[in-house]
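Consider the two complexes below, in which chain A is the common component and chain B and chain C are the respective partners.
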Partner chain A sequence: MAAAAVAALVSSTEQEPDRCGSEEENRGVEAGDGGQQPAGPAAPGCSRLSKLPLARIKALMKSDPDVSLASQESVFIIAKATELFVEMIAKDALVYAQQGKRKTLQRKDLDNAIEAIDEFAFLEGTLD
Partner chain B sequence: MAEKPEDLNLPNAVITRIIKEALPDGVNVSKEARRAISQAASVFVLYATSCANNFALKAKRKTLNAGDVMAAMEEMEFERFLEPLRAALEVYKKGQKGKKEVSEQKRKEKKQADGEHEKNKEDEEGEDEEEQRMEEEPEEGEEEVEN
Partner chain C sequence: MASSSGNDDDLTIPRAAINKMIKETLPNVRVANDARELVVNCCTEFIHLISSEANEICNKSDKKTISPEHVINALESLGFGSYITEVKDVLQECKTVALKRRKASSRLENLGIPEEELLRQQQELFAKARQQQAELEQQEWLQMQQAAQQAQMAAASASVAQQAGSSQDEDEEDEM
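And now, the complex of A and B:
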């Protein structure tokens, strides 16, 4: 599955040697995800700054054939931006759930947010 | 690779955690919504990368840098991200600097240690050979048995 491919990609990406205690937390969380993520231990970005594994972000970036190289900083910023994006879209979708007097965010709330909010226009037609 | 870039999803556990921390307590998220957000995040990475890459190409560079990503955020109308991203980048750079110094120090120490080792090389080699022989013995034994 995709996991094997990701693992292959990750092994070829740069790895940063040191790890903080927070790394263990991340690994634990990822391991709890059905153990699909062999990429866990290889995830660099020691500091708590990035919740998302930089190796995975980099793999995504490299899947674009037009991209040759990306600096570590750029990978980090994209990871961080993605985090902010997830927060933003979750909060915006919540508005629609609340309008429907629901406490559970549903797929349609996301669709509504994507349709209504200009910044999310790039998502139209991209989700299953 | 025959796989679509969208197959490279970000870890569900992390996405879930980010969502939960962004929303007030008591709010739940359906599996479908979570999956859609995770997909959207992957699309975001791809779109941001493509945008940033355009800036790099314009500047005739082959390596994406932080500035390109910042420019991409503006282009994508995510100016609200710029401040927190700049702040996070500063902290990240400091952390990187610290790591570099640590690894440079380690290299220096290693060089010094190697310098000393060269003097004692003969002795050490002898020890190593003995260790290797000991490790090989069981294997050789197995080979003989097979033969």
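And now, the complex of A and C:
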């Protein structure tokens, strides 16, 4: 028990005080050049709050060379926003399927939703 | 799952995760495969879109690291403001989890023992470890020496035996 406490003492000096901001700075995700090792998992413990793999989201963000460091929590909320996005586009596409009196959602329903909804304009031309 | 294509830009969200989300959103609705595929790709685009916008917002601020605040502003400016309430709720949960973990680990670290005492114990453990290591090395050294000695003795008696053996041979010959 004492050994664990002592071992923990060695590492505790690396930890910043409670402010979320500084913890995030410590564990920033390296993106673009530099190609260093990632500074640890995104938002440890928060991965079970997300339906999407945070590591994958992090990798996707990093694949854009312009994107700089991102905090763990940022990766986490982008994951959450993506979940909401899927919900939204699926429901919007369903409307078109129902208009066409179909029970199966098809690709053209998504295409229609993309065309009709302003926020989805960035998806125009998204290929398979 | 190692990717044999190895190209980082072929990254997408795993299909299974998307399928699950679609199923939860639209239970009892059949969804064509190519529609699912499109959703997967749309997610990739979405992530790039938000990251890029958040990155720009971050660059304009005095920070070097994209923060949740930047992401939230990005959502707003890109027309996804309706996501913000839920995103903020979940962010709060995430912070609470992180806070609990930090508290839990500091409780373990402390155990009510003051830092100086912990340092002292640490020094003790190091000293003990060094001592054990030294003893171990000494033992190994002794063993090596013993082994070497034995080998020497064995070699010596072997050569004596050989000499004795060869003189015996000569006697026999004489007798014959």
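The rule is short, and it goes like this: the second predicted complex is superposed on the first by the 80 of 128 C-alpha atoms of A that agree within 3 Å, B and C clash if a C-alpha of one lies under 4 Å from a C-alpha of the other, contacts with A are read in each partner's own complex, and residues count from 1 in each chain.
Quick note on the criterion: a residue touches a chain if its C-beta (ideal position, glycine included) is under 8 Å from a C-beta of that chain, and two chains touch if they have at least 3 such contacts.
The model shown is predicted, which means the values in this text are computed figures rather than measured ones.
In the superposition on chain A, A:91 contacts both chain B and chain C.
In the superposition on chain A, A:80 contacts both chain B and chain C. In the superposed model, A:67 lies in contact with both chain B and chain C. In the superposition on chain A, contact of A:103 is made with both chain B and chain C.
Residue contacts after overlaying the shared chain place A:57 against chain B and chain C alike.
On chain A, the surface touched by chain B in one complex and the surface touched by chain C in the other have residues 2, 5-6, 9, 18, 46, 49, 51-53, 56-57, 59-61, 63-64, 66-71, 73-74, 76-78, 80-87, 89-91, 93-94, 97, 103-107, 109-110, 114, 118-119, 122-123, 126-128 in common. Note for the complex: chain B touches chain A at residues 1, 3, 5, 7-15, 17-19, 21-23, 26-30, 32-33, 35-37, 39-50, 52-53, 57, 62-66, 68-70, 73, 76-78, 80-81, 84-85, 88-89, 91-93, 95-96, 99, 102-103. Chain A meets chain B in the complex at residues 2, 5-6, 9, 16-18, 26, 29-30, 32-33, 37, 40, 46-47, 49-53, 56-57, 59-61, 63-64, 66-74, 76-78, 80-91, 93-94, 97, 103-107, 109-110, 114, 118-120, 122-123, 126-128. The residues of chain C lying in touch with chain A in their complex are 8-9, 11-14, 17-18, 20-22, 25-26, 29-32, 34-35, 37-39, 41-52, 54-55, 58-59, 64-68, 70-72, 75, 78-80, 83, 86-87, 90-91, 93-95, 97-99, 101-102, 105-106, 108-111, 113, 115, 118-119, 121-122, 125. Across the complex, chain A meets chain C through its residues 1-6, 8-10, 12, 15, 18, 20-21, 23-25, 28, 43-46, 49, 51-53, 56-57, 59-64, 66-71, 73-74, 76-78, 80-87, 89-91, 93-94, 97, 103-107, 109-111, 114, 118-119, 122-123, 126-128.
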